[in-house]
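These notes concern the structure reproduced below.
Chains here go by letter, A, B, C and D, matching the order in which they are written, and residues are numbered from 1 within each.
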């Protein structure tokens, strides 16, 4: 209810501020008997962490997860998995004016409106640092459905788009460059754009695409809990997301039914996949794919006029480091949230027939 | 868990198939003491019902809601509100081959995969007829937050777009034409397109835009239950929705932070509203606005090849009536789901400070 | 949240006041493919209904349930099952002073305190008439776990106790008398007591015992959702319940561990069953048994002094019919609530191993 | 769903095994702006911890809680409060045969049945060590409702009962002796009994009584979420609880309505309080009181025959320390769970009127 829990059967509850002692979570509902691949969890954490390349923030965080429960001799026991990631760098420093100023398009103003005051250190709970916990939970969730694979990548930065359709992507290319765009040339152009934006102290938005294969047919619940509805909620729970579309998406709404319908092959698969692997809210066994649009990060390395909590005009003159473009680091976060949804629905579906 | 309940404090649970005895719902959590405007409820039902104009399906349904509980002398009592809408036309008729065939891009195949069999009469639970119940619940939800107003309209049909920005719309124009597009000329062109598509037995998609004013600052919960996340889930729970964006949306992801940030006025309002009324997952008091993309309806009045439950090829030769474009009728559904989300979050927010 | 929903995977949401148009419910999460035994549902309804014998209220209600959805050709489809029971006798009559008076030990005062006003017709939502809906839902829940049987009976009325231990009960005797006590002599004495109390316009409490056999080992979740915790909640959600104990219960708390422990047989069953079929919150395959204490009904057929909503003293002079002892009619309600809990936990348990 | 979360608006999720690295929890939904009394939290933890007196287990645990988030400058921020308690003594030691044996009346057998295997170190998740986390969460919950006070005490050990009615208790006496029975003489006799039982390597059960004052009228939801239903669930979620009764309880079920009804005073208070402060599931402003029965602890310091996971007979010959009677240490746990329920319902009730 207060927003720090996600999922029904597979349920993660999280806590932690960007500059507090630690962040952490409780992942409940993981079935017993799964032999966890801890290396895979760590790889996802490294893909999300800041300072991993020259185009992300140079802020240094060693995201090391400590598991505190729910695992015995390498296997999940069926009880809740508690884990924390300590903050290395929690000196409060002198926040001075920033403590009182409302940064434009941040959560500062709305947190104050909601709670009456706020933990102003580095964004407190609204900081994207919180997503490290999701990545851990998601990396476990990825290990629940046999044969499922989730692959996200950057398909657009600013107005530079990858012009390869999702079903022609070479998955092996994604992690070969720091932008996580599976086409070397496009990736290079994106990288140049981000570098340019960064040197200006500015930021830029983009799009992350995601493909999910190996999803059994039958996942998703009718009416309110359609599979796409929960996927959409999951994606919009990520900082900076402004848009989500699956299958044919916004383009599909321009089409006629006679063009858009996916005709069947004789084995129940479909000749086309404009449905995006979901029909009537339920997976049909085809690939699930979707796009997630991220706005440019609101924190700039340039002066901005704003107001403070006394409604007086002040100038922000930020120093230090910033993240010019979040989409490369958002890739594992999108995957993690997708994994949490799919694994949850996979477990729910075990209860739908006698 | 099985998908027929939406909301937390304000919670609606629904039931009913398109060709069963009745549809209905239980709306729980409505605060006590609200003097209900039943006329407003009825108007929304009329806006959704089939057969209301020449560009919607000519199927005739008199959607009349009967309230069975939770209201005493015209006021909500705080207990659950039960209500039903009877189906006038539930003859099962002879479904013949349709009973066994999987209509392309429908829920027929996935329901069979999930449940092992299905109620094939008119789509059963996957039919959009189910949304009539949401409209009733939403029409009550609209009456919970004082001063809030929700206005949706059609902003695109196929590739005919309304070229008026959302904040320059004349709300009084929306209901003046059967397309529900608040510009007479554009509406006429859309109507012509729909008529054309209809005569070909085809269907066409489109976009519904929605504006919500009078939302107090502070609604929305951090992390997983951001206001936009629940709005997205609500919209993707509607049949045929393929995309959702709020505020600057997909276009915003092309911008730079220095262009995108909403600077403050001295009273805490913002000079621009690319944030779409939500920052950090919490309403800031500005207008909330978003777009919802609908694919073309999958039911066509033309022959299509498909397979049946024995994986044999069959030809569908549908007769009778169909809905060439759902977006005009989707307008009150979008409003209803938005109202359910906003009212729920409004109630939740009453618990967030001592 | 507002209290009209019970369960997680198997979830029932109910509505309806004692003197409104109808009561009803939505039962969601029933697995697909169950061939429902409608006769069994009806028998449970008849066991609960008023006017069934000379020791219950003589108020006449024909509780006939109408199923509106979720069932196709006699089988559950996996979608939500909506159903209603119409009130035959909903004339508001002249409630006069009763409308304003607070009946002692009723919900009148607390509803007014909570909601600011109330539907005073026959108790509104606080009336036990609401439990008819639970009986329908519970009768369906009974059909979900294969081989499980639930048998409740009256083990005490006032201070007349049945002196047969639960595991020596002849189940065939329960329904042979109108008290539902499985011993003819004790039943006769109970019946006489109830008749005596009734003629004085008074009421009397009692205890319902319940036995559940055929529960597979493994149901129940650790920590907060122990099986006994949900059973307790279920029982205390029934009107007039003041106490619940399972297994050795209150008597067990007088014992020493060396007396109380249940030693194992070589097949994993236990030599004694003081645990009541549940250990560590999880069923162990032995019989689950518990007792539920009901206070005497608060509605008397004798004058009582009380106050009204203006805090003025008034005399209540009730006329007509009353229920001298609810425990015989509570038997199917206890069973229904137990069935809802067990079936829910049975479904949840399907998700706890890979 | 998997049982490690309690509450709706005020929601605690917990993790941790008795011999793992740490236990912890996430408390979500605490309203913003509460200045926490950390000393009070610590006092409750000390009241629960083992080794606090000669009649509890001599196992030494320094339960020190570390708060990791959700608090800023001593005040709650409205975001989730994460906290952990490290285990000092997590050497696995040599569990040898115990690892394979099923201790009678423990959770060993049922965990194996449910999950297929278990973490056998010290009981794993089924250990009462887990309740330390509840005590922390409950101690925060106690600080949410202004003016509410919760006082539990030991009213029976074995068959030695305190013969002072709950409303004549001198609260100041409770913590004056190690049994936590508010009558020096009775406490002495209880202490002697526990010492005697302890020297025999045996254990003994008992009853904890609890009184809650200062609860505003109006808390509790009709039908399924009656206040007593959630209190019952909360109490039965505590290890070793076998019975719960509130107000007149089991004794009340022997009475007649004319004796049992609570008549009103002219100010709306009642002359008697057999209702236990709750009518129709909703608090009426009178004192809420209830009893909780605990079975004797199953771990004995004497030999017992049992079986192992291969269904072979083995003899348990436990050494070391044990807890002869849990009820003195259960007192703060009962208070904590009561506080979590009351605070949750207090917050929910803020949403029930416009």
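Simple rule for what comes next: a contact is a pair of C-beta atoms (placed from the backbone, for glycine too) under 8 Å apart; a residue touches a chain by one contact, two chains touch by 3 or more.
These figures come from a predicted structure and were not determined experimentally.
Enquirer: Of the pairs A-C, B-C or B-D, which has an interface that repeats that of A-D (more than half of the contact pairs shared)?
Expert: B-C
Enquirer: Measuring between mean CA coordinates, which chain is farthest from chain C?
Expert: The most distant chain relative to chain C turns out to be A.
Enquirer: Distance from the CA centroid of chain B to that of chain D, rounded to the nearest Å?
Expert: Taking the average C-alpha coordinate of chain B and of chain D, the gap between them is 46 Å.
Enquirer: Averaged over CA atoms, how far is the centre of chain B from the centre of chain C? Could you give it in whole Å?
Expert: 39
Enquirer: Averaging only over C-alpha atoms, locate the centres of chain A and chain B and give their separation in whole Å.
Expert: 26
Enquirer: Pull out every residue in chain C that's touching 2 or more other chains.
Expert: 1-5, 8-9, 14, 29, 32-33, 78-79, 114-116, 125, 222, 348, 351-353 - these are the residues of chain C that touch more than one other chain.
Enquirer: For the complex, give me every residue of chain C touching chain A.
Expert: The contact residues of chain C facing chain A are 1, 8-9, 29, 31-34, 78-79, 144, 222, 347-348, 350-354.
Enquirer: Given the complex with chain A, which residues does chain D contribute to the contact?
Expert: 1-5, 8-9, 11, 13-17, 20-26, 28-30, 32-33, 66-70, 72, 75, 77-82, 84, 114-119, 124-125
Enquirer: So in the complex, the part of chain A that touches chain B is made up of which residues?
Expert: The contact residues of chain A facing chain B are 1-6, 8-9, 14, 102, 104-111, 113-116, 125-126, 130, 156, 158-159, 197, 202-207, 217-218, 220-226, 228-237, 241-250, 252-268, 270, 274-276, 278-285, 293-300, 302, 304-307, 311-313, 348-349, 351-353.
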